[in-house]
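The data blocks that follow each hold one structure.
You will see chain A twice below: alongside chain B first, and alongside chain C after that.
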Partner chain A sequence: MNELERHVEKLFRHQPDTPETQELREEILSNLQAKREDLLAQGMDERAATEAAKRDIPSVDGLIDDQQTTNVERYRMACAQTVWLHCILFWIGTLPLLFTGYGWLGTVGLGLSVLSGVGYLLFWLLHPVMQGTRSLAGARRRKSMAWRIWGVFYAVAALSVAAMTFGSNLWYGTPVTIEGPYQWAVMASRFYVPLLTVLIPLTVSRFAALLPQYRVEG
Partner chain B sequence: MKQKNVRIFLLMLVTFLVYWFLNYGVVAELQLRRSIYEHAQTSAYFHNIQEILPYRSPYLGDASNTGNLFYHLPLHQYPMTFAIEPETCTLTVHYDTAAETTEQVRENLAYNTLAAMAAIDNLQCIQYEFQDGTYCITRQQVEKRFDVPLSALLDDTEQWEKATQHEIFLGTVLAEWFPMEIDTPCSSDSQQV
Partner chain C sequence: MEEQTIHSDLIRGHIDAILLRILRDGDHYGYGLMKQVLTLSDGQYELKEPSLYTSLKRLEKQGSIESYWGDESQGGRRKYYRITPQGRAQYDEALAQWQWAKEIITKLLGGNDR
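On to the complex of A and B.
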């Protein structure tokens, strides 16, 4: 794979693999290769010609119609199933916390798993047959936004926990003393609890990944 | 999708079984043991002297250390406040309740006195203030009961148990240190205020 092919591959990294995008991918690659040949013919060296050709098409977002006709009914069911699965994963994540002061999160995990399971079952029983359009770019934006918000949240949460746990040691210059495995576990659990919220951006990411799978052709 | 549903349901079922076993089996058992242990710490008979070892100190002046020491000794379930007189190295423990002069409370007071004097090297006198009177015990009174320095009792758990068994639980010091009547004044030779 040459450099221009790698560039085109990168441009289409987040696009669904459909006949239309395949055709567009080939067309763009051939245009870039033609551009590069022109520049080489004008006397430009190979590297500069490749870079100039790459600069010609830096993104394909404007070239692809991101509105996808979607089987909304099945897409929503898949999303509901994802929520159910992720609630169970959250619940599993809370099991080690039963031995710490955060044991109540196990009950929260149980409640969320049962509620999301019942919600999914209702979807399964009552789902209306419907189609509609969904924006792929919108789904990608939501995914990107979810990760950014979560990143900021976890950074703030982890720093706050670190400040509360080690603040006085830092201020007075005293050594941090953690005696025994239980105290280690208690300290680690303070950082681990906010980490469990990573399932939120993972869920939003999964929604974005599911969307192309429920595309309706024609 | 149906197959995936079945797999997710099985995962939920297994998680529920593990959760049930951990929460209502392992954790409940640990909590019960912890609760029994904590209850045992309110009695001199069952108190684990290792609990106070982190609070050993040569000086009485560290109020936080002294408070922590008493919060890890029997009678810690009663609200109490502390006062320290640095000139006389006297510690006053004020209980906001009337003295229950039962044998069990008096034994706990005797045990606490021995533990505090063994843990804090320059503690010369302890006063236990109740709403209806005060007990006052001096280091001299305690030391004359033992052949070894009081702090040495904490170095060896067996020695500690022997000392408390002989001197406190067999009742030989109770009548002298903590008599039933507590309304007489305290002096260096007497036990009461």
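On to the complex of A and C.
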């Protein structure tokens, strides 16, 4: 794969794989190649010609129909299933906490799993046939937003836990003492509990990944 | 470069008609059209690729142009565009409108006084 092919590959990385986007991709690549050859023929060196061709088309977002006709009913069901699955994962994730002060989170996990399971079942029973348009770029934006917020949240949470746990040791210059495996587990659990919230951005990511699969051709 | 950015707003609204004019004289693929715009404007106006694709897509949707793939053996296949009778009519219309507007704007801006 040459550099222009890589560039075009990158431009289309987050675009849905449809006949139209494939055609546009082939068209853009052949035009960039033609431009590069033309610049080379005019005496430009290889490096500069490739860069000049790439510079002209920094993004294809505006060129692709972002509004996707979507089978909303099946898409929502897939999303509900994801939520259910992630609630179960959360519950499983809380199991190691049973013998720490966070044991109650297991109950929360179980409750969420049952609730989202019932929700999914209801969707499945009364799914109204529905079609609508959904924005692909919007789904991608929500995904990156969710990850950014979560990243900040976890950084703050981990730092404050660290400050709480080791703050006095730093302040008074005393060594950190961990008395045995139970203490270890307690300390680790403080970092682990906020980490479990990673399932939230994972859910939003999954929503974005599912959307192109429920495209309706038409 | 800056000069071109100022002027390009005036030109942008006419890109469809410019492309139709070029296609009236023969079929072209994307880069060929861009080169032709540069040549016809004596190197003063460079059509950017995003505007090119947006315009081509719109014209094709309207039925003013049609596309077909070339049979290049090496390099990527090229997508060529051909003008339709409707495209020719659209071009004539655009040209007539431009001549009318040009006359009025010249009068209104007092371009003939100087």
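Going forward, the second predicted complex is superposed on the first by the 218 of 218 C-alpha atoms of A that agree within 3 Å, B and C clash if a C-alpha of one lies under 4 Å from a C-alpha of the other, contacts with A are read in each partner's own complex, and residues count from 1 in each chain.
In the analysis below, a contact is a pair of C-beta atoms (placed from the backbone, for glycine too) under 8 Å apart; a residue touches a chain by one contact, two chains touch by 3 or more.
Source: prediction; values computed, not measured.
Partners chain B and chain C, brought together by superposition on chain A, fit side by side with no clash.
Once the two complexes are laid over each other on the shared chain, residue contacts for A:G103 go to chain B alone; chain C is not touched. Residue contacts after overlaying the shared chain place A:A137 against neither chain B nor chain C.
Of the two partner chains, neither chain B nor chain C is touched by A:V161. Once chain A of one complex is fitted onto chain A of the other, the partner contacts of A:W84 are limited to chain B, with no touch recorded for chain C. Once the two complexes are laid over each other on the shared chain, residue contacts for A:M187 go to neither chain B nor chain C.
By the touch criterion defined above, A:L95 lies against chain B but remains apart from chain C after alignment on the C-alpha atoms of chain A. Of note, the Cα-centre angle with chain A at its vertex and chain B and chain C at its ends comes out at 160 degrees, rounded to the nearest 10.
Between chain B and chain C, the smallest C-alpha to C-alpha distance in the superposed model amounts to 37 Å.
On chain A, the surface touched by chain B in one complex and the surface touched by chain C in the other have no residue in common.
Those residues of chain C lying in contact with chain A across their complex are 29-32, 34-35, 48-50, 53-54, 57, 72, 75-79. Residues of chain A that touch chain B in their complex: 77-78, 81, 84-85, 88, 91-92, 95, 98-99, 103, 106, 109-110, 113, 117. On the chain A side of its complex with chain C, the touching residues are 23-24, 26-35, 37-38, 56-57, 59, 62-63. Taken together, the chain B residues at the contact with chain A in this complex read 1, 4-5, 8-9, 11-12, 15-16, 18-19, 22-23, 26-27, 30.
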